[in-house]
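Just passing along the structure, written as structure tokens.
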Amino acid sequence: MNDKIKLARRIAWAAGAFSLIVAVLLIANFLQTKLNDPIDNKTIPELVKRLSENPSDEALKQEIRAFDLMARKAYFTSQWQIRTGGYLLLLGVIITLLAVRYERSAKSKLDAVDILKDESALDKVLAQKWIAALGVFIFLAAIVSGILSYNAIDRYLVVENAPAVSEAGTTASSGENALDNMDQPSSGQLAAGDTVTANVVTETPSSSSLAEAVAENAATKTFATMAEMKANYPFFRGPEGIGIAYQKNIPTDWNGTSGENILWKVKVPKPGYSSPIIWGNKLFVTGADASARVVYCYDKNTGKLIWEASADQIEGSPPSKMPKVTADTGLAAPTMATDGYSVFAIFATGDVLALDMNGKRTWAKNLGVPDNHYGHASSLVVYKDKLLIQYDTNKGGKVMALSTASGDKIWETVRGSKISWASPALVNTGTRTELVLATNPTVASYDPETGKELWSMNCLSGEVGPSVAYSNGMFYAANEYAKLAAIKPGSAPSIVWSEDEYLPEVASPLAVNSLVFVATTYGVLACYDAQTGEKYWEQEWGDPFYASPVYADGNVYLADQSGKMHIVKASKTFELVAEPTIGEKVVCSPAFGDGRLYLRGTNQLYCIGTK
Amino acid sequence: MSDKTERKGMERRRFIKRGMQATLAVSLGGVAVASFMKSYAGEMVWQIDPFKCVQCGRCADECVMMPSAVKCVHAYALCGYCDLCGGYLKPNANERSTAAENQLCPTAAIKRKFIEDPYFEYEIDEELCIGCAKCVAGCTSFGNGSLHLQIRHDRCKNCNECAIARVCPADAITRVPANQPYLIKGDFTAAGDKAKKDTSRMSDNN
Amino acid sequence: MNRKLVNVFLVLLAVAIIAIILFDFLRNKAGDRSENRFEYNIDELRHVDSTLIIYRQVGQFPVNAEKLSGIAVSGDEIVVIADHLVLKYDKTGSEKFRGQINFDPTALAPDSNGELWVASRDQVFLFDAQGNLLKRSNSFGDHAVITSLAVSGERIYVADAGNRIVYQCDKQGNIVARIGEKNPGKGVSGFVIPSPYFDIAIDDSGFLWAANTGRHTFDNFNADGSLRTSWGKTSIKIDGFSGCCNPAHFCILSDNSFVTSEKGLIRIKLYDQHGQFKGVVAPPDQFGKQDTEAPDVAVDSDERIWALDFVKKQVRIFEKK
Amino acid sequence: MKNKFLKYSLLIAGWFGSIHGLFAQAQQRFPKPEFESGYSQPQTTTPFPRALWLEYFDVFVLLAVLSLVSWFALKKRSRKGVFWSSVFSVLYFGFYREGCICSVGSIQNVTLALFDPTYAIPLSALLFFLIPLVFTLFFGRTFCAGACPLGAIQDLVALRPIELSRWVQKVFGLVPYLYLGLAVLYSATKSDFIICRYDPFVGFFRLDAQFIMLVLGVLFLAAGIFVARPYCRFFCPYGVLLGWMSRFSAKHLTITPKECVQCKLCAHSCPFGAIDEPVAEPAHRRKSVKHLMLVVALLPVWAILGGWAGSMVHVPLSRLNPTVSLAELIVKHPEVKEDQNNIDVRTFMSSGKTTDQLVAEASEIQRRFYRGSWLVGGFLGLAIGFSLTNLSIFRKRDDFEPNKANCLSCARCLDFCPVKK
């Protein structure tokens, strides 16, 4: 009997040791295959890469094949080892178990449990205490971890659906603004005869207390005068959106590669084709990609980024699926607008964002994602307390005015128009201010106060990108595949002359000094007589013009896509002033400050001026 | 007296016991009936919808089986039998041969066999296939999409909850009735056809 | 065995079990594993050296339809077939004509006087400029899958991918000759068409070219159906044709250059009539990363290339730089 | 004829589809090459899953084993019989059926069937859930004794069982309640089947598993040498249900066939601590009644506390759900939307769903988690409360008796009992 027990014990020990060894080997093998998984083999891809550089290297091919074969062999061997080892281990464990069991049952007839000796009544009390303690502990731990955990999803929903919170802040801040504005020498002394200014004087309600200002924040909002607008560069193509800048001493000589006359340059973090705008010491541009739509505010003197603000968490905004836009339009094509109190930006997502000059959001809304196969590109303008937005999409066109203070819709006019990418012009035609829009097929004018259509003229076709020009009582509209038309506005508008030799596709025409300039995508700048349409000159450079020509300080500034700025005298004879370059691609139109020119390349934003 | 209380206690206990028995039996019956209303006499198995699959590679790593029970299958009826096979050759393969440096499959599980000029047959060696879907990606973008992943039921353990389904980014793995255990391309189509199939499956249940 | 030791051992085991379960429970989640070590990566091939790109896009316009299927240039008009529609555009992209047809169009070819041949899966139809049906052919059979049409003088060529053959028909739709059937005597090895992409075109001299997609070649036939010449190159590299069945579409310029369009890795390229690679019209990175479908291409009298982008639902216009 | 028409209309519908799916459909029916070398196209093989009748055969085997074990335990009073039944179960349900199908995991299928309108539970799974419970209601936990492969494999390694302190047993005895609650919560919210995920022995049965699962199994078996059946006693969620049934079972295994001689041998033989010793009348009856009343009065407090605690922790709990965790990732780090390497995000982005939709979905799931974790917490609170109540009840007991809830009917004690017929 004893011998049998001994034998069983020996077998148990032997089988146990065997199992242990097999187990250790198995684990080692497992780790080894894990480390040297042939699928993660680094050598073969390396060799294949070398082969692709030298495609006919037979020796290398042989080497790869040999290596590959070896790796596979090793892998299958270890697979076999693991499988066999698994069976061996199982066998060993079974033998050990049987042996131990036999030994134990042989030793004593019955295998009893190793018993504790303790008082059962005491045990019960202890058990109760422990259970209660454990229960309380678990629940407390749950409560604490619940409190500590952050519910991003709930927060997202709350922020999305509760504009009330942000509105409260807005009211207060715009109230302050309103009060601040009272102190500003806003209207009286400035440019008499300017109707915009005159309107300001009559329409600004005076408010005396903060309480009142807060109560009627929209009504008390003051707005910039035309003179202020002209002193700055608030919109795409200047304060009227027609390509006329009023700044002086504009540089004509620089070089982006050598750095000559480049006062500063910065890389705008996100791409965009919106042109810069300027107010006071601040310069604004937008940038966007699928992850975020952002407004950047730079110090116009130093190029320092003062603040940036994202157009995020806007109700109705497409959070993940960006509208399909083409690469040459992007999500941030429209240029911003400012009235000196707020800046406004719109993106191809249909998000409109209003920020105060410190980057704090005043309001934001989504106009509905525009159905636009390139991407929404029409820029913004501000008229008094209204932000004017042209919203021509594939689903039909409309133009609307939003309150600059609250974003509420003041008026909206549905246009019988097709989609367009042109930006609005806001022109005082002598008796009134008109908002003029170009699209397929019309050039139409609206009263910016009410949105009523003042006049319209069918003269365009195709996909209209260029905005209108204005000079001396006449509007000029043009588009590729259509024509260049000089329109006499009024209740019965008429086309005074038209021309179709040189037509722009993207760049807007410019009218100044009784001349009309047209810049084409095939690299020609043509100059016509504004009254008769007689062509004075044409000049071909070859690089396409996407940026619009802007008139400043006696010259026309026109950047081509290579980054070269063609500075031409605005005169009947072609007179090239200079052709400096920034050395990178340009599709944005320049912005002007006194003595300065600001230009956004595809990569960097440049400030040009004499040092 | 003690006898009496004891008997009373006994009776009470028996009453409680009977009552609890009844309660348990009734609730068990309730669960049974409620589940039975939604039961399905057949068996359900896991399968991949090839039209949802995004070739993320997780089938190779996440299956409880090693190597995975997910294999690439070849719908011969859809194959173009091309010489230049996007599922077999590396995108920038050195030449159109079976040499190791040209094969896309990390385990060389695809066999290429010449049939007649210019046709080649491709066959999956399921012993080697690990279900990584690399060839599926190649075939889908360059070829006819005849290579696709399926769960092979001779290997699948039909786990209660498929370990791959849990991490599948596209929710491509679903339960299908065991009498139609495959969603092989060609027999099975996306979109409109599938809707039809689904409704028929629903009516099978009733 | 020592009771205390056993207790310690058990506590350790309990801790290990709980740790393993918690660790796995918290770590092993769907979103936590993002890398794919089996990634099929062709990003490198999507990039093309910019010096090779000899065309640039000069315009585009949207096609207002669901499912586009082909494009052709007819005189000054751009004709697009889609859904159950024939759409005509002027060169500025303005829609001039929108006609309903009662079949799914698969291919089209303009004829003189603004007449238009349109194919369904197994039939060919002739419409006048106003969209009135003038003629229709008999069915080309159950196996027929017509993918392309071409007109040369009094003959119309019908490419049938299902039967892997090009029919030469008269204008009544009667089959005059069968081109491309395997015939070693004529030097014709037969078309290899692995998927429904089989395009044909007529060159300047009136000869028929067919894209033998399974072999990545262009085959050129005499009027009698014998093989005149053939060229092609298989390669994923820019100068060859990639994938299992390319070029999916092509058209021929007036100087007999070929504009080819490939699926899979989408690219539009230019070859001379002898197959010499001349340059790239549109490289892969001008198309979406997940897109795989080759645009149909057509050329106008100004040598501008009109490409029908099926994914963006656009006509994209390319012009020589 | 009609069929033919249908086929072709489909064929036409698919041509030149600009959408990829449609496109693929088009390719599906394209005629293959006509080979001249006499090549015949191979069939795509489709090895079928296990035949259906075999599934029902499993049900039959389960019924047979259960009947047999019950007979051995209650009627034949044979430990040997029970033991060999359990060996058979390990071999059949374990190694042959590879631990799947199993009654323990079927809890989740039943839950899913009750909560997910699209899920149809296979009848065999439902039967595997019900049959052991019904048997237990009549005969006690004979399922555990001889039919459950998970229990049996642990039984085999129980070489040197030691008795654990009562309080340790009681405290760890709460874990199955928590596990059951979580398992039901996660399967009701369609998030996960955690019982199957952490089944420690299925890897042995298959001789194939992921490394971490094997390690878990080894740890359980190692513990099982000293603590008999650690998984059954301190983890198994099905054991909770079986315990309820067994507590009020109509018949149950009895230790002695006749008069107990109070030899204590049976208590020493039971590795599960499931034999209650004789208890005399408590000394301070009044005090203990008072205590009992207090404990009973606290029951609702425990339930509410538990429910509240559960509801507090619903957010962390819900993170296991893939939809919730994806939504959270995207909301917290919107920049991942651009990450082409994050497959989950990339797949979501190309699915056409918006973040708003995803978040709304996730929020709905969270709401279900909120309700669910109220119930789970309350359930755990009640379990604690009842456990305390049980410990406060002093019931006079004259003999050594199996604790009906905990006794696994393994019949070990029968071998030890000196009283034979």
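All chains are identified by letter, namely A, B, C and D, in their written order; residue positions are counted from 1 within each chain.
Keep this in mind: a contact is a pair of C-beta atoms (placed from the backbone, for glycine too) under 8 Å apart; a residue touches a chain by one contact, two chains touch by 3 or more.
The structure displayed is predicted, hence computed values, not measured ones.
A.B. asks: From chain A, which chain is the farthest off, judged by mean CA positions?
C.D. replies: D
A.B. asks: Considering B-C alongside A-D, which chain pair is linked by more C-beta pairs in contact?
C.D. replies: A-D
A.B. asks: Which whole number of Å gives the spacing of the CA centres of chain A and chain D?
C.D. replies: Chain A and chain D have C-alpha centres separated by 50 Å.
A.B. asks: Which integer distance in Å separates the CA centroid of chain A from that of chain C?
C.D. replies: 34
A.B. asks: Return the distance between the CA-based centres of chain B and chain D, expressed in whole Å.
C.D. replies: Once rounded, the distance between the two centres reads 22 Å.
A.B. asks: Out of chain C, which residues touch more than one other chain, so two or more?
C.D. replies: As it turns out, chain C has residues touching two or more other chains at 3, 29-30, 36-38, 192, 194-195, 292.
A.B. asks: At which residue positions does chain A touch at least two other chains?
C.D. replies: Answer for chain A, listing residues that touch two or more other chains: 39, 114.
A.B. asks: Note the residues in chain B that touch 2 or more other chains, in rising order.
C.D. replies: Residues 56-58, 79-81, 92, 106, 119, 132, 144, 166-167, 169 of chain B each touch two or more of the other chains.
A.B. asks: Based on the touch definition given at the start, go ahead and assign the chain network to line, ring, star, complete or other.
C.D. replies: complete
A.B. asks: Considering only the defined contacts, which chain A positions touch chain D in the complex?
C.D. replies: Where chain A meets chain D, its residues are 30, 86-87, 90, 97, 100-101, 104, 110, 112-116, 118, 120, 123-124, 126-132, 134-135, 138-140, 142-143, 145-147, 149-157, 160, 289-292, 312, 318-321.
A.B. asks: Along chain C, where are the residues that touch chain B in the complex?
C.D. replies: Per the touch definition, chain C meets chain B at residues 28-30, 33, 36-40, 42, 44-45, 189, 192, 194-195, 214-216, 234, 236-237, 242-245, 264-265, 292.
A.B. asks: Show which residues of chain D lie in contact with chain B when the two form their complex.
C.D. replies: Per the touch definition, chain D meets chain B at residues 10, 13, 21-22, 24-25, 27-30, 32-33, 35-37, 39, 41-50, 52, 55, 98, 100, 102, 105-106, 108-110, 113-114, 119-124, 126, 129-130, 133-134, 137, 192-193, 196-197, 206, 208-210, 213, 244-245, 247-250, 322, 343-344, 346-348, 350-351.
A.B. asks: Under the stated contact criterion, what part of chain B meets chain A in this complex?
C.D. replies: Chain B reaches chain A through residues 90, 92, 94, 99-101, 106-108, 130, 132.
A.B. asks: Contact residues on chain A for chain B in the complex?
C.D. replies: Contact set of chain A toward chain B: 38-39, 44, 47-48, 51-52, 55, 61, 64-65, 68-69, 72.
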